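Got a structure here, written out as structure tokens. Questions coming.
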């Protein structure tokens, strides 16, 4: 049943692919909270102390949440110019979603081990690597699309396509660079990944 | 890839932002049940006793469920008058969703510690603070929208906008006041938060 | 913010209420699987033995899954005749969803304790009671709707409305009767609840 | 309430059935990640070692993710030719979703036991059996549809229907054959199931 390939030779419109992707983005973003376990308060510790001790979980939750949110916005933007899908585009989109839906795991790894001197570097690399892979899947999707003009909205100008490419391409570099930087200091890598998310939220550039 | 900002300078319609938000609301509300663990019945305890002992979990489930449900209805109402979105509105909406999707965690904290004399106050504050932050994000979203008339439905009267503001503004106060009240008695704060949810369900005002 | 009631005095169409409800049904039905934990195989036990030992979990999964599925179909059917919503209808629908989203918990309780002689009755009652409450919320929603003709599709005949009432009303009885029957034998109650689900799946009546 | 059957004698369009199915597919695919637990690093073990040790979980995650994704695409394709639904089709679709939503469980079983010599065979059979059942539900749905032409898009040619049948039918065999093969070697079965998923992703056939 499922190794059905030939039928997608004609080009479908992207509405259901987008709806399915929206679902995966929305669920992955909401599952992040499950990573934060209710703390067991030991002896005469205060609950506040135990809750504050979970700060790496809040950090991971917030950074991954905003990053997935921004990725969703970008995915949504990109599909304004992509009007049809073929087999390869669907497959590339599935690989992108595989990465997005995986994010709760490295988020939990980084939350649990970023305060552990012995494991911080490896936890950070897990996080950086996942984001870099997602960025690669994202740009691969876009590059495939613009090389197949029959998939694009015919009214889109070349200038607009180039502008998108210029804006999407740096993502791989921005996340990729956090991999070697982690060997200098994991905090720099985590700080950069958080800064990317925060930068998006800042309204300054708009005003 | 993901620090894409310039492209949203034009104003998009809000349909996919609403669909994505609907997804996050629906998932967060449904994940609440995972907080309620099946009780381990010890020795010759009855299961009924063990189940009744979980009443703080049912309380937290019901209060958070109804409150998220009401917030969803309000979000839905608000976006009847908001017709377009820009970067800042999307970012503010993402912050609101960050709070909504976080709710299963403080709900679990309050369920586990509200019967514990030593930790009740802190658990209640966790709950109150989260709701207050969400109310702040909600009113910030609305105030931003009405200060940018190009985002609004042009047929909406000033009277209607003022009426919405009058109705949305008290939320921050209503939840905010449960923070100092918790220092007098956590039960007053939890009771008030439950009363807000219950008040919504009461059909009296309608009839 | 959230004790907003006045605004819903006008009647909204039900499309977003339906979409939100669909989301909650789909998520609740899919979360059921989380109740089934991977078994820890002890000593030289076979995995097959351990997996078969989980049969109450499969039973609970299948029965709750099909029942939620059928409830979704009925909800969907009902809203073909309901065209507008008001505050009370939204509130009643929220109470119905509160019950639907709660179902993974009693399902887990029944799966864990139905093979335990000491706790079987109480576990069954938890399950029966939840279904009965949902059935009550369901019929309350319908009865409210048909008493407010302004909410209904004006082209619907009285005969069709009466036919729906006749079909929806027995649900409360069918589930309600499993409560006293559990005191005779929990297996009768569980068997009946399973039979209701199975009866729906049987294609006989159609052909 | 819920043993409502008569009302579906008329044929509904499939849009809400598709939307509900999309939801279940999207949630099941995203829940897969919950199977991968954050490893507890023992003594002076490295986190990298602990993370690599989880490779069966990544394997299960990736294979199940892509397979559910491909099944979703096929489901979506199939419903382009099915325009109306009746009671039996809805029931068959519900059985298909029952299998899809169940997948996180056998995925977790195979992830936990595929490296265990004593339990590998049984874990593999659990996985193979689930996929075979899903393939059976899938082809049953399709065969029912093509025997009830009133459910189909009237503009669809017989040739196209036969072509779909030829493409969907082998699924049951392809997964079914992994059951006896597991008795020769579980690795052959798991390798085949992974190969089916991988084959879909390969863009070769398209170009």
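By letter and in written order, the chains are A, B, C and D; residue numbering begins at 1 in each of them.
FYI, a residue touches a chain if its C-beta (ideal position, glycine included) is under 8 Å from a C-beta of that chain, and two chains touch if they have at least 3 such contacts.
Keep in mind the model is a prediction, meaning the values are calculated, not measured.
Think of each touching pair as a link: the shortest run of links from subunit A to subunit C has 2 of them.
Both subunit A and subunit B are touched by no common chain.
Two copies of one sequence, subunit A and subunit D, touch each other mainly through non-matching residues, since under half of the numbers at the interface are common to both.
Among the other chains, A has the CA centre that is most remote from the centre of subunit C. In this assembly, the C-alpha centroid of subunit B lies 25 Å from the C-alpha centroid of subunit C. Chain geometry summary: the mean Cα position of subunit B and that of subunit D are 35 Å apart.
Under the contact definition stated at the top, the residues of subunit A that touch 2 or more other chains are 19, 23, 27, 31, 34. Chain contacts in this assembly form a single closed ring in which each chain touches exactly two others. By the definition given earlier, chain contacts exist for A-B, A-D, B-C, C-D. Of all residues in subunit C, only 1-9, 16, 19-20, 23-24, 27-28, 31, 34, 86-88, 90-91, 94-95, 97-98, 101-105, 108-109, 112-113, 118-119, 122-123, 126 touch subunit B in the complex they form.
Here subunit C touches subunit D in the complex through residues 19, 22-23, 25-27, 29-34, 36, 38, 41, 44, 46-48, 51, 61-62, 65-67, 69-74, 76-77, 135, 138-139, 163-164, 167-172, 174, 196, 199-201, 203, 205-207, going by the rule given at the top.
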